[in-house]
Amino acid sequence: MKPIKHIKIKENQTIKELVKDMKETGFQAKKISQASEILKQMIEDKECKIFLGLAGAMIPAGMKNLILKLLENTSCFVSTGANLTHDLIESLGNSHYQGDENANDEELNKKGLDRIYNVFMENKVYEDLEDFFEKNWDKLKDCKDIKQFLWKLGEIVNKEDSILTKCYKNKIPIFCPALADSGIGLMIWGQKAKGKKINIDAFEDMKDIIDLAWQSKKTGILYIGGGTPKNFIQQSLQFSKGADYGIQITTDKQEYGGSSGAKLKEGISWGKMKSNAKFINVMCDATIALPLILS
Amino acid sequence: MKPIKHIKIKENQTIKELVKDMKETGFQAKKISQASEILKQMIEDKECKIFLGLAGAMIPAGMKNLILKLLENTSCFVSTGANLTHDLIESLGNSHYQGDENANDEELNKKGLDRIYNVFMENKVYEDLEDFFEKNWDKLKDCKDIKQFLWKLGEIVNKEDSILTKCYKNKIPIFCPALADSGIGLMIWGQKAKGKKINIDAFEDMKDIIDLAWQSKKTGILYIGGGTPKNFIQQSLQFSKGADYGIQITTDKQEYGGSSGAKLKEGISWGKMKSNAKFINVMCDATIALPLILS
Amino acid sequence: MKPIKHIKIKENQTIKELVKDMKETGFQAKKISQASEILKQMIEDKECKIFLGLAGAMIPAGMKNLILKLLENTSCFVSTGANLTHDLIESLGNSHYQGDENANDEELNKKGLDRIYNVFMENKVYEDLEDFFEKNWDKLKDCKDIKQFLWKLGEIVNKEDSILTKCYKNKIPIFCPALADSGIGLMIWGQKAKGKKINIDAFEDMKDIIDLAWQSKKTGILYIGGGTPKNFIQQSLQFSKGADYGIQITTDKQEYGGSSGAKLKEGISWGKMKSNAKFINVMCDATIALPLILS
Amino acid sequence: MKPIKHIKIKENQTIKELVKDMKETGFQAKKISQASEILKQMIEDKECKIFLGLAGAMIPAGMKNLILKLLENTSCFVSTGANLTHDLIESLGNSHYQGDENANDEELNKKGLDRIYNVFMENKVYEDLEDFFEKNWDKLKDCKDIKQFLWKLGEIVNKEDSILTKCYKNKIPIFCPALADSGIGLMIWGQKAKGKKINIDAFEDMKDIIDLAWQSKKTGILYIGGGTPKNFIQQSLQFSKGADYGIQITTDKQEYGGSSGAKLKEGISWGKMKSNAKFINVMCDATIALPLILS
């Protein structure tokens, strides 16, 4: 047994040192350190393909660069439509704003501000989105599946710090099964409502993610939040030999039975996770956990 | 100010009496009672269309009859694909089983049992699903959007206690933007992988839910869990005058910024909820809250 | 394996029937039913002494009658000082009030209202408490330990629906290691500050609870919330053979390492719980769980 | 409005830089940064007396040095008995150990290991505690209140890295209203059970903390966890003008009505917090939040 060592804060200590020190502690601090180690292992394992699932409003919360960093080692990216919409909104020149969760929602509404806990967004960003889709529809209208469509968006906006562009340029397959449930989905509907044509098959790119899971010698999963992204990756892993590495960052609880809060261990029963896999559940707001783990 | 009255348990007390008594108490017990009242109001308000969002494994947990009951007053139903798949699994003659969350997942895997917290499911249910889709593909293959597809499923299985059948028979529009992320999605992929043809547009039925929101004089929302169902309804409400009534049952927390945990009040800033709407957030496992509220 | 049976809500269904039905479901609904069964078993086991720990503002929330009911079968009662103070406040003729958690705290302060989430209390209740202690000090001043002092309070107030009175009359030992941390503690300090004498030993009644644990053939624990009450009972159980039955109702999480959220299973390592004990953790607001379990 | 700025991780970035960057983000990352700023302000405000409340097993989890650091600026320290016991255990030469929350509790019990989530402790530490109290009883037996007793313990163990010693040496008043509810309490009981005499008044040192609150020009509160330490400080603040600064680190939720999860804002209604106070609630495991905030 190894003794607990108490964390020491030194002047100008680096994050890397802190996370290393957390390894010798307990509770969730230790989990942060273990997650950091497992992430390193799955990146360094050349046979391992990393599947990244992203839920929760991480772009509005200021985590975009961290996601961009993670994408450098990602073989498969599944996101909520919301995060991709927020990424696109920023690429079109708009910002998210530092806000206050106790602000009066009625007054925010009058000011045209949408609240996401303590982050604000101007409602007029939707006008820029509409202009963008109106202007670029011809380039988008021939896409046949969601992955193609999202890559095409990334090609068009073409911004250094865009998640969509990064996925397009690095040919990282990007899945978003619930794209209809997002601002981007609304824009597509808006074009269709004007009589424009597009035909994006809801199931066409499932083949790609299942093939990826099937063909990978080893797989590593990294879930930031739960929701559809986690579940969609878990589903595809039924066609793999089971993941070899796993990290889940969520504050949801297993006791209420939902997929988002389920511990990674549960995946062993389904064959989605190997019984000897290295995995860890981190219970911490991802806006705090991510910068520490990525250090 | 009204004084708190202490709950009295009488021999053979009815649930209805208990929930009435909870009205005069505090904390979440009071919320249960308030939710029950608001549900009653939105049902009795003849101008109000009820939008029901369902996430979390409510069918495996034994809540199917309660959902069926709720559907009797529902004008728009949005669900995760998982709940619909579990509904279909039961319609095909399979059961979910009472389990133990501390069971050994490796042994469960060997026995062919998939674990959902303290509920088990036989992995072989997927074989029955495959047979069903194989056998009925001709009836399904011409569906053009997800709503049509799900109604068709409900028509084919044709079971009294099936959610899909109930929606089909009562013409309740049923949306599932992330259907690809479910066992039903896998089955569609399976048929496509065999070379069979189907073309289900990912955005086609957005028109229907947006029209519903747009045309309703009044709207009431009832969210069991968060996830895509909540978000998809919230999104459509941007095209309404804002909901008039709202109930949310979730244990997720607003502090982490995700859509699932956001309090209904936040929707006022977005114009998704009227500032004078009657709404309540209930923080309780839905398997406990639902039977009480529905009493 | 037993199949999940879906809950059916019938007209005028009793709570007892619902809780029975919950036994065949999953997630926390099932826990409610299991807790109800274990409670029945520990009450019916004539060799078993029940230790009840009470934390969280259950008296302000309207749960007093349920606690009184539980005390009928309790051999040892440990409470926060706050719950006993709120019980005393009500015995002196004051009420707690139904409130709103979104009320403006500054305005409440001006109105002399103290907020406990969605329950209000008039700040002037402290004046009645002061009068009571002033008037009855002579009867209290000779108490030598906390248990004696609390029984004496119960004897003086002498109300049918008082927890303190019930403990006094039924000779249920009542422990409150942190009594200083409560309104009652403040009143004792107030009398001392006026120069009155009293000498209550902080450790004197530990003997009683440890003897109880030591001498009981079997023990059953029932924790409503965590905190000092749970910990104090757990501590005494180290001197027993380990509890035979256990129920814990809390929404705190084990992942953060605190005693309040620790699962009962952890007690096995400490010898506080038998390895073959029947125990259950219920994750639900006690204001909802208690009336169901006690049905 | 200030735009959200995305966190950038640079090679060898310091914690200080990260926390500064978090200020421009959202969700709980921003709270970490705000807490860090408020802590700085209350330390630099020469008129402000800081009241530190400590609950949760922070010593076993490896946070002792951070607490020692905080004590340098603390005027009043309230702790659970458990943390002080764990501090004493380490001062007597024992360690806590890095463990696994999934370890078999029955086997741990056989090995004489007590589990605190993912931290282990040898059960035989109690023997060393007994020896210590046996040997030093004569020095302790004349203490008349809990504060004196704890200072005396700190004087006797006399270790550089002991919380008890630090409080003794720096004359930081240390309160522990529920000391009976801890290993130290057990040891006192053990001596009394052998017929040794000691008389520690349960309410004697309330005067000290209330005087401190009363006499302080300004007060700042820092709650690590909730429980008795938070509540005892809150109670004393009723005798102040209300706190000027406040930080609360907890994962407990306000919705269940307990004192531990109550937002600091609630204290305004009670007069425990000024309505214009600077305060922040951080929802994060303290083992992660503390090293960041203290950077």
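We call the chains A, B, C and D, going by the order they appear; numbering starts again at 1 in every chain.
Note that in this section contacts are C-beta pairs under 8 Å (C-beta built on N, C-alpha and C of every residue); 3 or more make two chains touch, one makes a residue touch a chain.
Being a predicted model, the structure only gives us computed values, none of them experimental.
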{"item": "Steps needed, at fewest, to go from chain B to chain C via touching chains", "value": "1"}
{"item": "Chain B and chain A - chains in contact with each", "value": "C, D"}
{"item": "Chain at maximum distance from chain B, centres defined as averaged CA atoms", "value": "D"}
{"item": "Rotation, 0 to 180 degrees and nearest 5, that superposes chain B on copy chain D via CA atoms", "value": "180"}
{"item": "For chain A paired with chain C, centre-to-centre distance based on mean C-alpha positions, whole Å", "value": "43"}
{"item": "Centre-of-Cα separation between chain D and chain A, whole angstrom", "value": "36"}
{"item": "Averaged-CA centre spacing for the pair chain D and chain C, given as whole angstrom", "value": "24"}
{"item": "Multi-chain contact sites of chain D, meaning residues that touch two or more partners", "value": "26-28, 57, 60-61, 116-119, 251, 253, 255-257, 283, 285, 287"}
{"item": "Contacting residues of chain B [partner chain C, same complex]", "value": "1-9, 12-16, 18, 22, 24-30, 32, 57, 60-66, 69, 95-99, 116-120, 161, 251, 283-285, 287-289, 291-292, 294-295"}
{"item": "Chain C to chain A touching residues, read off their complex", "value": "26-28, 253, 255-257, 281, 283"}
{"item": "Interface residues, chain B side, partner chain A - complex", "value": "55-57, 60-61, 82, 101, 103, 105-106, 108-109, 113-119, 123, 146, 177-182, 185-186, 188-189, 192-193, 198-204, 206-207, 210, 225, 227-228, 231-232, 235, 251-260, 262, 265-271, 275, 285-287"}
